[in-house]
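Listed next: structures, encoded as structure tokens.
Across the two complexes that follow, chain A remains constant while its partner is chain B and subsequently chain C.
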Partner chain A sequence: MNFDAIIESLPMYATGIGTTLQLLAVALAAGLLLAMPLGIARASNNVWISRPVWLYTYVIRGTPMLVQLFLIYYGVAQFEWVRLSVLWPLLSSAWFCAVLAFTLNTAAYTAEIIAGAMRAVPYGEVEAANSLGMSKLQVLTRILLPSAMRRALPAYSNEVIMMLHGTSLASVVTVMDLTGAAREMNSRTYLPFEAFLTAGACYMLLTFSLVGLFHFAERRWLQHLAPRKNSFDVSGVVLTTAPRI
Partner chain B sequence: MNVLLRAVLFVAVVAIFAVFSLGADAQPKKVRLGVEGAYPPFSEIDTSGKLKGFDIDIANALCAQMKVECVFVQLAFDGMIPALNSRKIDAVIASMSITDERKKAVDFTDRYYKTPAQFVVKKGSTLEVTPAGLKGKRVGVQRSTIHDRFVGENFKSADIVRYTKQDEVFLDLASGRVDAAVLDMIAAQVGFLKTPQGKNFHFVGPVYDDPKYFGVGAGIALRKGDNSLREDFNKAIAAIRANGIYKKIQDVYFDFDVYGTAAATAAAAATNATAKK
Partner chain C sequence: MLHGFLPTLLDGTLTTLGVAGASLVIAVLLGLVGAAAKLSRIPVIRWLASTYTTVVRGVPDLVLMLLIFFGGQIGINAAAAALGYEGYVDINPFVAGVATIGFIFGAYLTETFRGALMAIPAGQREAGLAFGMSPMRVFLRITFPQMVRLAIPGFTNNWLVLVKSTAIVSVIGLTDMMHSAGLAAGATREPFTFYLAAAAIYLAITSISLLALGALEKRVTVGLRGAA
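Entry: the complex of A and B
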């Protein structure tokens, strides 16, 4: 192990982490914004609304993100009219293409997560809301969505971590993210083990931080679904006050 | 009966081993060569998916000269030295320039060709090839190459964009994502400028061949201490230079001697002059 080379490259990795987090944050925010209406549409009983979303998630989830990224970055740039269009300043940026691919990707997965969570809301809750005379919109905004968003948390935390790892693809279209930093160090020092091990350690640190954040969020918003503490268990035996022998 | 059966089995097993060991002796030595397949005209994939190019032809000629069986392993350029040192391949024939920096990690044979480097820009571009002229301009370069190091140290003010493959540099140069590219002159000439994609582009600025960056030419990289293989390759390079096979291969791709430094530089300068017209 050549620790000097790692220490020398640390500033580059720090910049890389910044880029990676930036890619992740923008893609997740935009993706979630897109996924909300898509998820609601996907859970709709009307096939004219749910089918198009099904097609979208089917196509996106059925193809690798790397292929989607290549299509957006190199594929679209092949056409002259694209290069002459008003969108070219955006599409010519590798960073934008990466964020676009990641956003479309996470939107598809998140839409499915939200739709699944909406279907998992106990029907009794919806019936109760109906019997109180709530409108469809009120049921959606007051009962279905709050309940579904909470239930979606564990699955969504997985999606966030998958996206963090997915952002490493940005380095193949010249974005200098964390993986880009590792490739750069590798090409300067010819020490692939040190270079990618450092990147791996950074990703792991980021992953654990995200897991911690979601753990905190789940304790806060999913308390009602957690196993009961300080109380009776199902068999009726008092747990906390039981004397230890 | 039992004894007879055992005897027969014994003879059979011995015979099988004998055949196998004979076979092993008769087989030529296998050498795994790392090649790139994305650096025309030196190394590329033709329409039927086969490797072709100057590097590939030279490699085949050297293997024939050395009487060894060569297996091509296609790798990305920045993965060559790691693959060599982790014993996934035995030698690299990928237009790899011999530099002091690389010599810390691997050994090299004698050179098998040498060409200088130059900037390529779109015709009509007013870009000046100076550190001030390239300030903030996007310059595409293949990662890990000598050109990468050269532009990184001499044009620090430029916004250097690094690609895994030379093809990708050409794609982004053509689409205008990068303002200029710096690369090997022959690779630029044959791989880009003479193709429909690169017809609106040309060379600008000085021709660079400073041995500090561009070394003494391209050699075959080998693991450190693999001296017998290096000697074999050196002898084979000298042999194909002497017996005319090298010239025959070179004539397929270039209309000048790519081996000699002076000749290559002069020819490159001449083609540059015509490109400017």
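Entry: the complex of A and C
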């Protein structure tokens, strides 16, 4: 292990972590914004509303994110009207294409998570709201969504981790994210172990920080669905200690 | 159609399927070993298995692949030099790709198989032992058939993610479907057409897998009465 080379490259890794987190934050925020209406539509009983969203999520979830990224980054330049349009300065930027691809991808997965969580809300809650005379919109914004968003937390935390790992694909289209920094260090110094182990360690640190953050959020907002504490259990975690075979 | 590049693309598809299939075999083997290790009575073995699944879940597959491809190259050559070998050993991208993807999905399948094994009541295994079956026979006749049924949903999910993960082997220079699509795109200056074709082939593979594994699940759960 050549620790001097690692220390020398640390500033590059720090910049890379910044880019990775930026990609992740923008893609997740935009993706969530897009996923809310999509998820509500996907959970709709009207097939003319839910089917198109199903098709979108099916296609996105059935193809690799790398293909989606390449279609946007390399693909759209095939059409002259795209190159002549006002959007071209954006679409010719690798950073923007990566964010766009990640956003469209995470929106599909998140829409399915939200739709699944909405279906998991006990129907009695909706009936209770109806009997109190709430309008459809009120039921949605006051009962269904708050309940569904909480229930979606565990699945969404998985999606966030998957996206964090997915952002490493940005390095394939020349974005200098954390993986890009490692590839740069590898090609400069030809020390692949040092380069990629450092990146791997950074990713692990980020992953487990995010996992911890979501555990905190689940304790805060999902406490009412946690397994009931009993006299035998001191820690409150019952499910993790299943019987061994 | 596709300016005569269809055979190239289908050639790449075969490579993609080859990588996926070979990785799956490694992943299933590692998954079975990992699940057994996670349920072991020996703490060191449990700890090793936990480290394995934790590391894999913490690091992107692309980083692991680059580490194994570039790092493995140096490691093997250092080992070869230490053994007195004069030449230079090249790591085949196919081998590096299969090793990485198999290693990664072995960890995910470890969790799938562990969950399935734990869902089988211990009393069934004890009953088998009480009848005088050997532990191996108990595994083959009682535990394994039920484990297959319980593991299918998780397995399906992992297989779909695995197939999509194979796209990144093109980054280390393997001429898979993505690579072929890239070659065709460069030659014809029609990248959208060829990446769209690649997307369609991936979608076909995942759709067929969903149908096939759905049929398999129906078959192995035929003896169960659903609540719905």
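FYI, the second predicted complex is superposed on the first by the 228 of 245 C-alpha atoms of A that agree within 3 Å, B and C clash if a C-alpha of one lies under 4 Å from a C-alpha of the other, contacts with A are read in each partner's own complex, and residues count from 1 in each chain.
Please note the rule applied: a contact is a pair of C-beta atoms (placed from the backbone, for glycine too) under 8 Å apart; a residue touches a chain by one contact, two chains touch by 3 or more.
Quantities reported herein were computed from a predicted structural model and do not represent experimental measurements.
Chemist: Check whether A:I49 is in contact with chain B, with chain C, with both or with neither, and answer first, second, both or neither.
Modeler: Neither: A:I49 stays clear of chain B and chain C.
Chemist: Scan A:R183 for contacts with chain B and chain C and give back first, second, both or neither.
Modeler: both
Chemist: With both complexes superposed on chain A, which partner does A:F70 reach: first (chain B), second (chain C), both or neither?
Modeler: second
Chemist: A:G166 in the overlay: touching chain B, chain C, both, or neither? Say first, second, both or neither.
Modeler: Touch status of A:G166: second partner only.
Chemist: Of the two partner chains, chain B (first) and chain C (second), which one does A:A5 touch, if any: first, second, both, or neither?
Modeler: Neither partner.
Chemist: For A:M36, is the partner it touches chain B (first), chain C (second), both, or none of the two (neither)?
Modeler: In the superposition, A:M36 contacts neither chain B nor chain C.
Chemist: Name the contact category of A:P192: first (chain B only), second (chain C only), both, or neither.
Modeler: Both partners.
Chemist: Now for A:A217: first (chain B), second (chain C), both, or neither, which partner does it touch?
Modeler: A:A217 sits against neither chain B nor chain C.
Chemist: Touching A:S92 in the superposition: chain B (first), chain C (second), both, neither?
Modeler: After superposition on chain A, A:S92 lies in contact with chain B alone.
Chemist: On the superposed three-chain arrangement, identify whether chain B or chain C touches more chain A residues.
Modeler: When the residues of chain A touched by each partner are counted, C comes out ahead.
Chemist: Under the contact rule defined above, give the chain A residues that sit at the interface with chain B and also at the interface with chain C.
Modeler: On chain A, the residues that contact chain B in one structure and chain C in the other are 74, 77-78, 172, 183, 186, 192.
Chemist: List the residues on chain C that touch chain A in their complex, please.
Modeler: Listed in rising order, the residues are 39, 41, 55, 57-64, 66-67, 70-71, 73-75, 117-118, 120, 122, 125, 143, 160, 164-168, 170-171, 178, 181-182, 185, 189-193, 195-196, 198-199, 202-203, 206-207.
Chemist: Residue numbers of chain A touching chain C in their complex, please.
Modeler: 59, 61-68, 70-71, 74-79, 161, 164-169, 171-172, 179, 182-183, 186, 192-193, 195-197, 199-200, 203-204, 207-208, 242-245
Chemist: Within their complex, state which residues of chain B touch chain A.
Modeler: 78, 81-82, 85, 102, 104-105, 143-144, 148, 161-164, 168, 171-172, 175-177
Chemist: Along chain A, where are the residues that touch chain B in the complex?
Modeler: 74, 77-78, 83, 92, 94, 172, 174, 183-184, 186-187, 190, 192
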